[in-house]
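In order of appearance the chains are A, B, C, D, E, F, G and H, and numbering begins at 1 in each one.
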Amino acid sequence: MPKHYEDIGFAKVDHHRQRRKGFPEVIYCEGKIPAQVAKIAQTIWAQGDSVLATRADRKMFLAVKKVLKPAQYHEVARIITAKKKADSRKPKADSRIAIVTAGTSDLPVAEEAAVTAEFLGLKVERIFDVGVAGIHRLIKNLPKIKESKVVIVVAGMEGALPSVVGGLIDQPIIAVPTSVGYGSSFKGLAALLTMLNSCAPGIAVVNIDNGFGAAVMAYYIVK
Amino acid sequence: MPKHYEDIGFAKVDHHRQRRKGFPEVIYCEGKIPAQVAKIAQTIWAQGDSVLATRADRKMFLAVKKVLKPAQYHEVARIITAKKKADSRKPKADSRIAIVTAGTSDLPVAEEAAVTAEFLGLKVERIFDVGVAGIHRLIKNLPKIKESKVVIVVAGMEGALPSVVGGLIDQPIIAVPTSVGYGSSFKGLAALLTMLNSCAPGIAVVNIDNGFGAAVMAYYIVK
Amino acid sequence: MPKHYEDIGFAKVDHHRQRRKGFPEVIYCEGKIPAQVAKIAQTIWAQGDSVLATRADRKMFLAVKKVLKPAQYHEVARIITAKKKADSRKPKADSRIAIVTAGTSDLPVAEEAAVTAEFLGLKVERIFDVGVAGIHRLIKNLPKIKESKVVIVVAGMEGALPSVVGGLIDQPIIAVPTSVGYGSSFKGLAALLTMLNSCAPGIAVVNIDNGFGAAVMAYYIVK
Amino acid sequence: MPKHYEDIGFAKVDHHRQRRKGFPEVIYCEGKIPAQVAKIAQTIWAQGDSVLATRADRKMFLAVKKVLKPAQYHEVARIITAKKKADSRKPKADSRIAIVTAGTSDLPVAEEAAVTAEFLGLKVERIFDVGVAGIHRLIKNLPKIKESKVVIVVAGMEGALPSVVGGLIDQPIIAVPTSVGYGSSFKGLAALLTMLNSCAPGIAVVNIDNGFGAAVMAYYIVK
Amino acid sequence: MPKHYEDIGFAKVDHHRQRRKGFPEVIYCEGKIPAQVAKIAQTIWAQGDSVLATRADRKMFLAVKKVLKPAQYHEVARIITAKKKADSRKPKADSRIAIVTAGTSDLPVAEEAAVTAEFLGLKVERIFDVGVAGIHRLIKNLPKIKESKVVIVVAGMEGALPSVVGGLIDQPIIAVPTSVGYGSSFKGLAALLTMLNSCAPGIAVVNIDNGFGAAVMAYYIVK
Amino acid sequence: MPKHYEDIGFAKVDHHRQRRKGFPEVIYCEGKIPAQVAKIAQTIWAQGDSVLATRADRKMFLAVKKVLKPAQYHEVARIITAKKKADSRKPKADSRIAIVTAGTSDLPVAEEAAVTAEFLGLKVERIFDVGVAGIHRLIKNLPKIKESKVVIVVAGMEGALPSVVGGLIDQPIIAVPTSVGYGSSFKGLAALLTMLNSCAPGIAVVNIDNGFGAAVMAYYIVK
Amino acid sequence: MPKHYEDIGFAKVDHHRQRRKGFPEVIYCEGKIPAQVAKIAQTIWAQGDSVLATRADRKMFLAVKKVLKPAQYHEVARIITAKKKADSRKPKADSRIAIVTAGTSDLPVAEEAAVTAEFLGLKVERIFDVGVAGIHRLIKNLPKIKESKVVIVVAGMEGALPSVVGGLIDQPIIAVPTSVGYGSSFKGLAALLTMLNSCAPGIAVVNIDNGFGAAVMAYYIVK
Amino acid sequence: MPKHYEDIGFAKVDHHRQRRKGFPEVIYCEGKIPAQVAKIAQTIWAQGDSVLATRADRKMFLAVKKVLKPAQYHEVARIITAKKKADSRKPKADSRIAIVTAGTSDLPVAEEAAVTAEFLGLKVERIFDVGVAGIHRLIKNLPKIKESKVVIVVAGMEGALPSVVGGLIDQPIIAVPTSVGYGSSFKGLAALLTMLNSCAPGIAVVNIDNGFGAAVMAYYIVK
């Protein structure tokens, strides 16, 4: 049994999290230097069987790669992953989620969600660029969306897509506002407010650009 | 020919506006006392042939009614109107506009727009309560909407309706955010930002709850 | 089979929603007059088998009661409910959710969630007043919380409770910020931001004071 | 007849838009990489007869130019255009619009509007640098402004120009706040609020720096 | 010679201010109870020769009147004044200021400025309701405005008037935003930002609705 | 030994707090009904030896008084207190704190701090109305301020007083912004920001109007 | 006599401003390219006898220098000036103003004010780094401040200095908030709000970092 | 005895501060150039016996090092220190404070606090990375925290840590929000609001990222 946590000076790695929360501590890389990311990754790896690091740039990946051979970099998603063995958590039919985006510029956030969800063993259906300005694209993809247990809807600018999807399906929706936009989008604030005020039932919201958080929420729902 | 303007102490009534802008000065009643509203109404009437007062409560109407017999009160719209003669500006087929609302609570703003538009000689099609949470209601009413020259879309809460309508028609849309909502709707701010950030083309926005302004903009477009 | 929707002038009642979303259209009462609420309730009742109206004051209830004998008023929750028959959707063991509040002042929002959830057939465990200032109260109630499928956490002021709960359990958490507080709580904005920025995984957020929305989200997850 | 839309992986190109909205899908380049812009441009071109891409930098243009020989770059406007044949939509006398700016720093936004409008077949009268600090410059240009069907007014800083123009003409005005300014201009927020609160009738507003949106709105009005 | 200040428990009356600042301490009544206002007024009066109290309601006036017979109430301005003798500070030709308002609803703030200025011995020219929507009213009154030493411009809503006046005259302008407006005027914030960002030279701004502060600033300039 | 906490349905009274934090749970009355306040007060009293309830109106006091004879109401401070015996925690010379206000309108907040501090056994020096507009009043009172262990500075409007005091003394300062002011004071936000940005060393800040919190902080420092 | 204005394509140079406002049009360089700045400078110079350009970087200066030999660059102030002859407007004793700063980091804004004021013929007393954290530095310099006609007070962070100065002198004060600070200074917002809410009489405020505007206001007052 | 202050042109060095405030003037480096920092450091050193400069980059350090041999650079903390002799203020047992952080990314702010505190003679216990998502790490470290006189709690994102710590200990807590986070953290605003609204007693807050200010406050409390 691992120690509850391990103190490496600048961090206290929470080995107990796997047990308490169902998956290991995740490394949020922003504001850390590559050496710190690598050290934490190594420490988690020593006691666990997988590593996930989000908001990682290529330099951080290279630092991790040096100490953790199996590390892989998902460029668009800005995620580093590593797994000790072929995953025992194989995606089952009933762990399918859909990730829907309003536009192409929302891809990095959508991929952060997708890569995280796949890391957690979910099966991901990607349905990108079906924003409300061309609603037939959404309607056409409804059947695929309805086969999912949970739907993650990613949108920037006015962020209206979750409301429209929410009027058409009866799955729980996790809405992710993105910072895509300009002017009075105020870096995602407009989309965030839109989603929080949605009058369609069955929508909950995570932080702006928080693809990771949406995937984890989906994982807990599906589990 | 009327004087350019008339000074009545607390106000300078702009008789020239009819000529410059195509309709007489309009009385914005908030922050005025009933006696002031009545006096301004009387002054406009003396030189022109109609009066329009917005954001008027019943007390203001009674004060106006005393000095201006033909005055009428439109309760939901909070508007006072008066006209000297049967309107020469009869609504023509090609002056039809649609006023579309997301919900029932948006009615006062929608009616402010409708009564103003009718006062200005437009023909108004009212299509209320077709918000995105039940999008078939909107689709069903699309033909009527498409017959209009201009569409005014009124919505509170997340304010997503103009974006959806904007993806479906090729008329100019005037979006009116309303203060309907609670919490992070911040009295209409959420809806306002949604509308300003709409990625559907052909939408322009007026102030929160500004049904009057939307109607005037429609009037200038149709004219 | 009911019509898709029914036009009663100021509203278009969406009879199709039961089918599309799993439960009938819900009446959001704010900004409506009692007569409108009653008329909509009556129209839904005529075609469906239950009615739910939120943000209802006592006057609205009395108006509904006149036309809908079985209507009941839940005072703290500000909700009107009516059901045609004893509910076939009896709460099952596996439909249990917990509603947790930080303080006593959060009760109205928590009750809005609880009454809605019970209306939708969920079994509700109420755990009130376990805010972080006395964390042993929370720890003591953890076992009950862990038996739930979903946990709704309701908190005003600094809104830190979801983060702390989120570090201790592996159920999905729906966080509801409330407008309880003063000064720089800015009517719930502080709690809202706290919850959106939570670094505990598995949390999604609904609008300030939106107990109803949290319950519906829980319903979709449990379903 | 083109397919409704075409799925190219990261995007679903909406070929149906020409029909539904009167002009083809427009590429909003921010947040996309040059290769994506080029691919989308190529896909639109294959089915349609023109391409318009906004917020494009020179790198994106070069990527497009490789796959689309007729592509042209409008540097100040940051727009890429391409047309298959000499435009059948020749600007007619009655499609004249005016684009008015408060200052020289507003040029990029004004040119985005002008190039878009010309692409859509409108005739554009450019009247630049006539801000309210030297109002005789505006007065002098009023006759030219009054000959237009629609007036687009572009202004940063305090954004007062639309109000002043709005008091003098009876054409519909589309106000475009720009992010020109510093300090409490808050990147265009001050100008945006000014324009939304204008007490001159006949003004509607688009997003900060949204020259494109203003031109499209003008196009729908003139059409 | 008066004491520097006098301690009356809940307040320390600053008798020294007359000397230091040129006029006695002024009572800001909001947040005080009538008895406190009366007590402070009485204390100032005992040592000085005049009293000025702003933001006073009628109840406060009655409380003051009881202990200070010469007290007068200026209803629109919400000001109480009292003077021991006919003012030695008779308004001279060269102490003339103009107070200009955009609309009728700005009157209370304008009158607060006017009554304060007259109390301080200035000669006040009132020019009300000359907002930019009817700019000929302003032009007509320019000569009177140009005869003043200082111009106070009071405006709510979009607050554009100071910019326009600032382009036409070479007197210093004190701009007073008012809370007149609705929706995105955000209780005067829109007007405040407009005035702070004015590109016309020679404008400085005071707090929203601060007619008193504008008058004092004018007094110091004229002095 | 008391139970850790006691569940009275709508609340879980934290009897353990006395031990953990040095004083009993405090009742924050806003958002509670009088019956709830009385019930909580009674429950605390049954196990402890004193009761403190803040933000209490007179109705709440009367409800408490019925079940708790020794209850006293401090009107300006809006506080209810009750103590079982003459306090053993008699104020000692070295427990002296100063409470300094900028103006008379800050009294309710200052008294909330003062009554709380006295309840906790501190000796309180009240120095009211010494704002920066008449700085000699402050200078005169410096000696008394310097004899304190901690200084609480209460100010609304621009909130500059803590900065000035902070430049003159070497005691720790707890700054309390108040909601006194209007317009761009934004209900205390201006004062809050001023205090947070103070360049004088040795200042920490509590929530707007949070006199209670300032007193508790002072208590912990002095203790 | 010069033309009213001269159209150079991207700008309309306002030759009439000298006459109307007492000094020539000033070039605000931000958002312009060096060639535009140079062209406007040249055009003003051709008709007038001096040039002032603010917010100019060194590249802009070099472009101007090429076409305008007498041009000088004031680095800290980021200003370009040029004058045809030794100034006839020699600073007189009665045109003295003081420019006071809270800290060293406020220098660029203070110098923008100082260089502008000197360009306009005022005599400037610089009193830098006398912030409220060491108030004896301010007191020591009071006599020099009191000899001025107008006092410009420049401060960032909490921006309390104008309030303190305002309590001590009876000259008009122009307060300039700067963007100096971090965190909750929000780029000058904190200082701006402090100054707008000052309870010291005789203060008016200009935009954040607007040293130029403060100098022009001072010039109009002194004139 | 040193002069009260020394004027070096761009700054007035406050030699009196040591005496008035207990330690010498501290140099806040942001917005200054290296030469200015070096000159001020030299001036303080000439009269005092130590120098502290915060927010210093390496260039500034090198400039200081040239004129002040004993200068040392604390990289993570971005602080320059210099002391004339081995400190007489040796940390005593009763001057122990704890500095607690929520995460690793909060280190720079925590180190700014730690280095400042040590410079002032306090003994610092560093307890890093014990955020609420893994609360057992905090619980484990409680004994060390409870041995401190004052606890500084540093946290970004949702900033909930001070509330949780505040419920568990009876030492005064100084809460430092950091700008760590993204999206709706709004550069530390979310954490700041959380801390200001904490319902745990005994917490006061300093500016976002203000580790220095927290340490000085702790110093005054401990002293």
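Heads up, the rule we're going with is that a contact is a pair of C-beta atoms (placed from the backbone, for glycine too) under 8 Å apart; a residue touches a chain by one contact, two chains touch by 3 or more.
The shown structure was predicted, so the numbers you read here are calculated from the model rather than taken from an experiment.
Number of steps on the shortest path from chain C to chain H, with steps defined by chain touch: 1.
In this assembly, B is the chain whose CA centroid lies farthest from the centroid of chain H. Summary of the copy comparison: rotating chain C onto chain F for the best CA superposition needs 90 degrees, to the nearest 5. Comparing mean CA positions across the assembly, the chain most remote from chain D is F. The interface at C-H recurs elsewhere; of D-E, D-G or A-D, the pair that shares more than half of its residue-numbered contact pairs is D-E. Look at the contact of chain A with chain C and you find the same residues on each copy: over half of the numbers used there are shared. Centre to centre, using the average C-alpha position, chain A and chain B are separated by 44 Å.
Rounded to whole angstrom, the centroid-to-centroid distance between chain B and chain H, based on C-alpha atoms, equals 57 Å.
Residue positions 28, 103, 133-134, 167-168, 183-185, 189, 192, 196-197, 199, 201, 207-208 of chain B are each in touch with at least two other chains. All chain pairs that count as touching, in label order, are A-B, A-C, A-D, A-H, B-C, B-D, B-E, C-F, C-H, D-E, D-G, E-F, E-G, F-G, F-H, G-H.
Residues 103-107, 128-130, 133-134, 136-137, 140, 156, 180, 182-185 of chain F are the ones touching chain E in the complex.
Contact residues on chain H toward chain C in their complex (touch as defined above): 102-103, 131-135, 157-160, 163-164, 166-168, 181, 183-186, 189-191, 193-201.
Taken together, the chain A residues at the contact with chain C in this complex read 20-22, 26, 28, 167-172, 174, 192, 196-197, 199, 201-208, 213-214, 216-217, 219-221, 223. Taken together, the chain B residues at the contact with chain E in this complex read 4-5, 9-12, 14, 16-17, 25, 28, 30-32, 36, 40, 55, 177, 179, 187-189, 192, 207-210.
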